[in-house]
Amino acid sequence: MIEIRFHGRGGQGAVIASNILADAAFREGMEVQAFPYFGVERRGAPVTAFTRIDTKPIRIRSEIKEPNIVVVLDESLLSAVNVTNGLKPNGLVLINTAKNPEDFKHLKAKIATVDAKSIAVNNKLGSKTAPIVNTAILGAFAKATGLVKLETVMECARDGTPVKKDENANAVKEAYEQTKM
Amino acid sequence: MSTTSIEKTEKHTTTTKTGVKKVMHGNYAASYGAKVARAEVIAAYPITPQSQVVEKIAEFTSSGEMKAQYIKVESEQSAMAALITASQTGARTFTATSAHGLTLMHELLMWASGARLPIVMVNVNRAMAPPWSVWAEHTDSIAQRDTGWMQFYCETSQEILDTIIQCYKVCEQEDIMLPALINEDAFYLSHTVEPVEVPHQELVDKYLPPFNPKPELTLNPDHPAVFGSLSKPDEWYPEFRWMIHEAMERAKKRIKDADSEFGKIFGRSYGGLLDLYKCDDAEVVLMCAGTLASTTREAIDELRNEGKKVGLARIRTFRPFPVEDIRALAEKVQAIGVMDRCFTFGYEGPFFTEVKGALYHANNKPKLKGYITGMGGRDVDVQLVKKIFADMYKVKDGKQDAETVWVDLKADVNNMNAWLKVR
Amino acid sequence: MKIEIKSMKDLPMLPKTLETTIGVYNTGAWRSAKPILHEDKCNKCYICWKFCPEPCIRIKDDKGNEITPKIDYFYCKGCGICANECPKKAIEMVMEA
C-alpha cells in the first residue's frame, strides 16, 4: 500500500488533488481511498488530505500517520506545519517551489520540486495572488513517482475540475515536464 | 463540485454485468442509491457533513435524470413533516441529515413509525455539541433508539448505496411498513472517495418493485379518513404498539432475505443483521458498528498471521437488535469485546449494554468487556484495535480488571493514551 | 355505519379512523344544539361537507351517487360550523331537549 499525504491551504485544491489522484489510480486498475482531514475550511487555513493506493481493497479507515509520499502545495507551510511528520524512511517530499531540490536537504528525505505556482498562473488557474496549483502538482507527482501515467492524470484533471478543463490538463503536462528531482 | 457544469463523461468508469464502477465519496453513494431506488419525494435541509447527498440529488432532479419532487424546506423538522405526508399519500420518500439535524427531527421520527410509514433516511453520524464537532460519533443515531425506526450501520460507501435499495424492499412490504435509518460515519465514509459500483437501473427495478401501499391506508380522496386520531387507554393504543413490535420482529428475517437476494443478483451482501468475519474458530471476538469494523478486519488479518484466533461480529442492524444471532455467536466464543463509538452518561456504552442484555438469557455466556473508542471522531487505527484484542485475551484468561473502559484519552501529560476505567 | 373493533385482530394496520374515531365513541351525545338541513333550500354545493371538522356529513350513498348532504347524528357534536358556512342558510341549529 502506498500512502500519500497532501498539505495545502484552503483554496489551493488539496482535497480535489487527493481525489483526482485516487481517480487516476482507479482508472489504471488500482484500489484507492482518498479523504480530507476536515478542518476549518476557509481560504488560507492549512488543509491536509490523504490518498491510499493498493492492489487489494483498502479496509483501513483511519488517518495516515506514516506516509510514503508527502505533497506540499504551499511552500510557506514548511515553516508552519511539520510536513515530514511520520514520513517513512526513503520517503518522497514533493514541493511547489521555484527553488531546487538541493535547497531542501534539511528535510532529510528524497525531494522533488516544481514551480506549480508559475505554471498555474501561466494557465490562468486561480489568480496571481491565489493560484490553484493542484493540477500542476499532480503532473509533478506523476513524473516524480511513476505511480500513475501522465495521460491518466490529464484525463482525470479534466473530469475532476469544474471549469477550465483544457488549462488544467495543460498545467498537468507542463508540470510533468518541469519537475526537478 | 460546482453545479454550473454537470458534465457526464462516462469514460472514467468500469462497466460490469451488475453496474458501473467509479470513484465517489459516501455521500454521493447515498445520492446514487436514492436515484436508482427511484425515490419520488425528497425533502431535506443541509448540514455538514451531509450536504453533498442532497446537492447531488438536486442536480439529478433538475437535470431530469431523476424523476422526483425535491422540496426545499427551512429545517430538518419540516423535512420530516413533509416526508410523513408524502409517504402517507403512497410516495417513496428519502432524506438525509446528521447529528443536530437528526435530533431536531426526533419528535417526528416517533410519528413516522407510529404511522407505519416506510421512509428511508441516511444519517451521517456526527458528534453532538457542545463542544462543536463535525467528526464521527454514534450518539446522534443511538439517541433515536426508541423511535421505532430500523437502524443500519454501514462499513463502506458501497454498503450505503446497496442498503438504501435493500431498505425500501424490506420497509415497503405490507406487513412491515416501518421507516429505516441508514448510518454512515462522518468523513470516514461521507467524504472518503473510493470505488463504488452504481447498479444498473434494470437490475434494481427487477429487485425493487414500485411502492404500492393499499389505497385505504393512504391519504386518498376515494378513501377519506383521519390519520393518527385518538386512542384511549382501554381502547387500542397498546395494541397498535404491539403490532409495530410484531413488524419489527418479522423484519429480522426479511432483512436477511433481502440481503441474500441482493447478493445473488449483484454479487454483494452484508451479513444480514450481524456480519461475521472469521468467527467460526475464534476465541475472542470484537463487536462494533460502522467504519470501526473495516479497520478491525485489517487488525484481525494481522493477528491471524501471528496465530491469534480472533474474529469480528459487525452489528449491521441496531434495530431490530440481532438477539438470536448474538446468542448463537456466544455458543462458540470465549470472550466478546464491544466497541462503542458513543456513551450513555450515567451508565455505559449503549451497544455494550444491549449485547450484555441479549446474553443474559443465553445458554453460554462469554466473558464481556466494553471499550469506548473514537468519540468526537478520534482516530481508531489498526494499532489501537490490536491493543484492544490483546486486552481481550487477558479478559478471556480471567484477568479482567474492568467491566468497561474509555480508551485513548489524553488524561495527563504523562498519560496521553490513557485507558480510563468506568467500573 | 359504525365499524366495531372487538379485538386487535379487527384493527387497521395503522392508526386511522374508520369513522370519526378509531373506537366507537358516541360523540353525538355531547351535543346541545342539533343541525337540521332543510332539503328544499339545499343546492348540493357541499360547502357544509367541506367545512365539517369531524367529518360527519355524507354526500354520497353506498353506491357512490351524489346525494343531499346527510348528517350523521351519532357523531355530530353540534359545533354549528355547517350552519354558519351554508350560503343558502339551509341548515338550522335547533336546541335539543
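Labels for the chains are A, B and C, by order of writing; each one numbers its residues from 1.
Keep in mind that, in the parts below, a contact is a pair of C-beta atoms (placed from the backbone, for glycine too) under 8 Å apart; a residue touches a chain by one contact, two chains touch by 3 or more.
All values derive from a computational prediction rather than experimental measurement.
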{"item": "Per Cα centroids, the chain farthest from chain A", "value": "C"}
{"item": "Chain pair, A-B or B-C, that carries the greater number of C-beta contacts", "value": "A-B"}
{"item": "Distance from chain C to chain A - Cα centre to Cα centre, in angstrom", "value": "73"}
{"item": "Rounded Å distance between chain A and chain B, as computed from the means of their C-alpha atoms", "value": "34"}
{"item": "Between chain B and chain C, centroid-to-centroid distance (C-alpha), Å", "value": "46"}
{"item": "Chain B-touching residues of chain C, taken from the complex the two chains share", "value": "5, 7-8, 11-18, 20-23, 55"}
{"item": "Touch list for chain B against partner chain C, complex", "value": "114-116, 174-175, 177, 216-217, 224-232, 235-236, 239-240, 242-243"}
{"item": "Chain B to chain A touching residues, read off their complex", "value": "1-2, 4-5, 7, 9, 11-12, 22-23, 25, 49, 134-135, 185, 187-189, 191-195, 291, 294-295, 297-298, 379-382"}
{"item": "Chain B-touching residues of chain A, taken from the complex the two chains share", "value": "18-19, 22-23, 26-27, 31-36, 38, 58-63, 65, 155-156, 158-159, 162-163"}
